[in-house]
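First subunit A sits with subunit B, and in the next complex the same chain sits with subunit C.
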Partner chain A sequence: MDAFGSTVCDPPDEVQGTSCLSRLWDAPAAPYGQGTLCCRLDALPREPNVLADLILSPAEADVWRSMRAVEKRRHEWLLGRCAAKDAVRLLVEKHAGVQLAPADVEIQPDPYGRPRAVGPFTARLGIQPAISISHSHGTAVALAAFDPGQLVGIDLESLAQQRADFEAIAFDLEERRMLAALPPGSRQEWALRMWCAKEAVAKALGRGFSMGIQAFHIAGPQYGSGVMQLELRDEALEHFPRLRGIPITAYTAREKAFVFSTTIYQQGAVE
Partner chain B sequence: MRPSRQEILDYLLRTMQDLTQDWDYAEPVSAESLLFTEVGLESLDAVILGTAIQEHYRTPMPFAELLAEIGEQQRDLTINELVDFVDTHLGAQVPEAVAVRRPQ
Partner chain C sequence: MPNMTESEVFDKFAPIVARSLRIDAAQVSIDAQLNDLGAESLDLIEITMETESQFHIFLPDKSILETAVEVFGSDILEKDGYLTEEGKRLMLCRLPDADVRDFQGEVAVKDLQSYFLKIGSWVRMVQALAKYTPGECAECGGRMTASMGFRMKCVSCGQEITLRSGEELNREWVREYYEKEYLPQAALVAVSVNAVQ
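After this line comes the complex of A and B, so read on.
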C-alpha cells in the first residue's frame, strides 16, 4: 500500500521498456520516410479492463470507466489508444532514444476531436509527435510523425464487409463518373480507396467531415500507384483559403482484406 | 402515399438491425439508441445508411449536410432524431432535435 491507500505493485515486464502490444505496419508509412511510422493491432491482446489498466494514463482510465458506448465502440477506442501509444513510443525511442511506458503517452482529443499525444515527455524532450488513428472491423491502426509541423491522417476500411452502395452521398457526379468507368470487379475497392483518401485528408486537416464530405474532391486518382490528388471545395476553402487550387496528395493501397489511405501535410501551408 | 412516422421508425430499426447483424458486439437497437456511440456506426456506415434510406423512399435528402452538422457540433444522433430528419424531408413537421455529445 502507498501513502494514499492504493495498492502498488510492479507492472508486468511487458509494460516497461520498449515492449509493444501492437505491430509495426510498414505499408501506410512507406511513402514518408524515417520520421513516420504506423502501428497496427488486429485484436484486443488482453481482456479489455486488464489492457486498460496496463496502458492508460489516469485521465484516460477515467474516460474508459465512464464511457457510455456500445462494447464494439469501447473496444475500438481501446485498440486505437493502444496502437497510437505504441506508435508514439516507438517513434520517440527511435528519434530521441528515450523509452516511454504506455501510460506516459496520453492520447487526448483536441476541441475538434483530432487526437494529440501529450504527457510530460513532450516538454521534457521538446517534441510533439503528430498522430492519427483509424479502426475498422476489429483492427486499429495509428500513424505517427515525429515532425510536429506535419498534419497526419490515416483511414482504414474493411473489404470483408459487404458494402452496400454509398456513392450517391459520398461522391459528387464527377467522382461517380470516375468510378463508373472502372471494371465492375474493382469498383468497390476503388470506391473505398477514394472514401479513405477523403477521410484521411479530412482527419489531417483536423475538422473531419464537419465541412461536408464533398468538400474533399478527388481530382486525380492514379490507378497504377494508388496516389490520389484531392482538392478542397466549398466550406473547406472557407476554413483553409490558402489551399485553394493546391492539391493534397493521399496514398491509398490494398492489403488483403483492408484498404487504407494516408496523407501527411505541412502545417504551415494551411494556417 | 407518405409513410407515417411509426412506419419510418420501423423501417429504420429494421435497416439498422440488418446493417449491424454481422457485428460481433451488436446490441439491441431501439428508437433512443445513439447511432455512433451505442449502435457503433462509423462514418462510412452512416453514409451507407443514408444512401439506403434515400433509395428506399426514392427521395434525395441532405444526409451529407446532416453528417457535417453533427460533425461540426461533435454530437451523436438518436434513431428518433434520424426518423425526424427523414420525416421532415418527406414533408412532415417535427420538433427540434436534441443534441447529445459523442465521446472522443
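After this line comes the complex of A and C, so read on.
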C-alpha cells in the first residue's frame, strides 16, 4: 500500500518506512538550503534483481526487465533510480510529513529526457519535486528540490580515469587558456570541474548538450570557492533568450576520487 | 576514405568504441546504443575525437534537429518536446535508411537522441562525412594525408585543404531542404487555405 492506501507494490518493512538505501550527501546540496537534498549510492545495496523488486514501480520494472544494456549501465540505471527515489522520499517526508515507499515515486523522463518524479503523491499532496541524476564509475547521485519551479542539475565525474585531450572538444580557446594558466597538478581536476559545471547547467535547462557543448561557456571560475559562472552562447540563447547576458552559477567541489557540480535555477527566470 | 562502405566504416568504428568503453568488440553491434554499452558523457567525447582522427572527418557538435530549428524557427519542427509532422518529414528525408516506424505516432526529442546514440546512426554519419574527405589531391592526384587540425595535405605537391565540418554540412543540407522542400510546400498550403476562405 502506498501512503494513500492504494496498492502500488508489496515492499518489505525495511523499505516501506523511512529507511533509505542510499546515504545523504550534504556537500552538493549545501549551497541551496532546506528545500534541497542530495542522495548518493556507491554500490548496489542488494542483488540487482532483488533491489529492482524492492524499489521499482510496475512501469519501471518493465523498463528494467526489457533493458538491453551492459551490466555497468544496468547497475548505474538502478543505482540512479534508487538515489533519486530516496532523495524525493526524504524531501516529501521532511516538508509534507508523509512517508512514501520507493515504488510510490516513479522516475520518468520528460519528452526532452530530463528525469521527473511522478506518482499519485504529486496530485494528492500538490507537490512536484524537481530532480537530477548523475552516475560515474559505479556511483550514483541524485539532487532533489522541493520547489517545482526550480531547475536542478547535478553532474559527477571520476578522477580515476585520465582522459587525454578531451579539452579540445569540451572547451573553447578561452576556456583552454584558463586551464593552461593553472599549475599542471591541478589541471585535470579543474578541467573536470568545468566539464561538470557545463553538464549540470545543460541538465538543469533540460536539453542536455543537444545545443552543442560550446553553447555553455565558463565565464568566471573562482578557484578558491569552486563557484563557476556560466553564460549561454549561440543557439542556446534562442531557446532561452531571457538568459542573454545573465550568468548561471554552478557550484563545484572535489571529494576524494570524484568531482561534482550542482546548479539550481528558478524556472521563471529562464522561460 | 571517400567511398567506404557501411561495413568498412563499422569494422573500423567498432574497435574505437570497444577501446573507449573497455568492452569486448563483439558487444558492439550495429543496433546497440552507446549509452547501453556503458558510455558516459566523457566517453562520447573520447569516441568523437578518436573517430575524427581515424576517419579524418569533423563531426557536428550539435544535433541535426537543433541546427534545423535554428533555420526553421521555433515550433515548426518541434513543439513541447515532440516532433511535429514537419519535423518527422525532415528527419525521414535526412535519414533515408531510417525505419519509417521509428517516426510514426508521437516522437519525443529524447527518442531522437536515443536514435542518434545507435552505433548504426554513427556509422552512417561517419560514412556520409567521409565522402567529403578526399583520398586524392585535386591538383595532382597524389595521396592525401592528415595535416594539422582539420586539414589534409597532398604528399606529392603539398597542396592543403581544410575539411568541411559536419556542422557546416548539416546547415547547408537544412537550408537547401528549407528552400526546396519546405517553402514551396508551405506556399501551396497557404494558397489552398486562401482559396477555402
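Assume the second predicted complex is superposed on the first by the 260 of 271 C-alpha atoms of A that agree within 3 Å, B and C clash if a C-alpha of one lies under 4 Å from a C-alpha of the other, contacts with A are read in each partner's own complex, and residues count from 1 in each chain.
Keep this in mind: a contact is a pair of C-beta atoms (placed from the backbone, for glycine too) under 8 Å apart; a residue touches a chain by one contact, two chains touch by 3 or more.
As the structure is a computational prediction, the values presented were derived from the model and not from experiment.
Enquirer: After aligning the two structures on subunit A, examine subunit B and subunit C and state clash or fit.
Expert: The answer is clash.
Enquirer: Using the superposition on chain A described above, determine whether A:V63 touches subunit B (first), subunit C (second), both, or neither.
Expert: A:V63: touches subunit B, not subunit C.
Enquirer: Between subunit B (first) and subunit C (second), which, if any, makes contact with A:E238: first, second, both or neither?
Expert: Second partner only.
Enquirer: Just to be sure I read the superposition right, which of the two partners does A:F166 touch: subunit B = first, subunit C = second, or both, or neither?
Expert: The answer is both, since A:F166 touches subunit B and subunit C.
Enquirer: Of the partners subunit B and subunit C, which touch A:W195 in the superposed model: first, second, both, neither?
Expert: both
Enquirer: Would you check which partner chain A:R177 touches, where first means subunit B only, second means subunit C only, and both and neither mean what they say?
Expert: A:R177: touches no partner chain.
Enquirer: Figure out whether A:G138 sits in contact with subunit B (first) or subunit C (second), or with both, or with neither.
Expert: The first partner, subunit B, only.
Enquirer: Can you list the residues of subunit A that touch subunit B in one structure and subunit C in the other?
Expert: Of subunit A, residues 67-70, 72-73, 76, 109, 112-113, 136, 157, 161, 163, 165-166, 168-170, 195, 199, 207-214, 235 contact subunit B in one complex and subunit C in the other.
Enquirer: Enumerate the contact residues on subunit C facing subunit A in the complex.
Expert: 23, 27, 32-33, 35-38, 40-42, 45-46, 48-49, 61-63, 65-66, 69-70, 74, 80-82, 108-110, 113
Enquirer: Which of the residues in subunit A end up touching subunit C in this complex?
Expert: Those residues of subunit A that touch subunit C are 67-70, 72-73, 76, 109-113, 135-136, 155, 157, 161, 163, 165-166, 168-170, 195, 199, 207-215, 235, 238-239.
Enquirer: Which positions of subunit A touch subunit B when the two form their complex?
Expert: Contact set of subunit A toward subunit B: 63, 67-73, 75-77, 109, 112-113, 115, 136, 138, 157, 161, 163-170, 195, 199, 207-214, 235.
Enquirer: Enumerate the contact residues on subunit B facing subunit A in the complex.
Expert: 22-27, 36-40, 42-44, 47-48, 50-52, 54-55, 63-65, 67-69, 71-72, 74, 103-104
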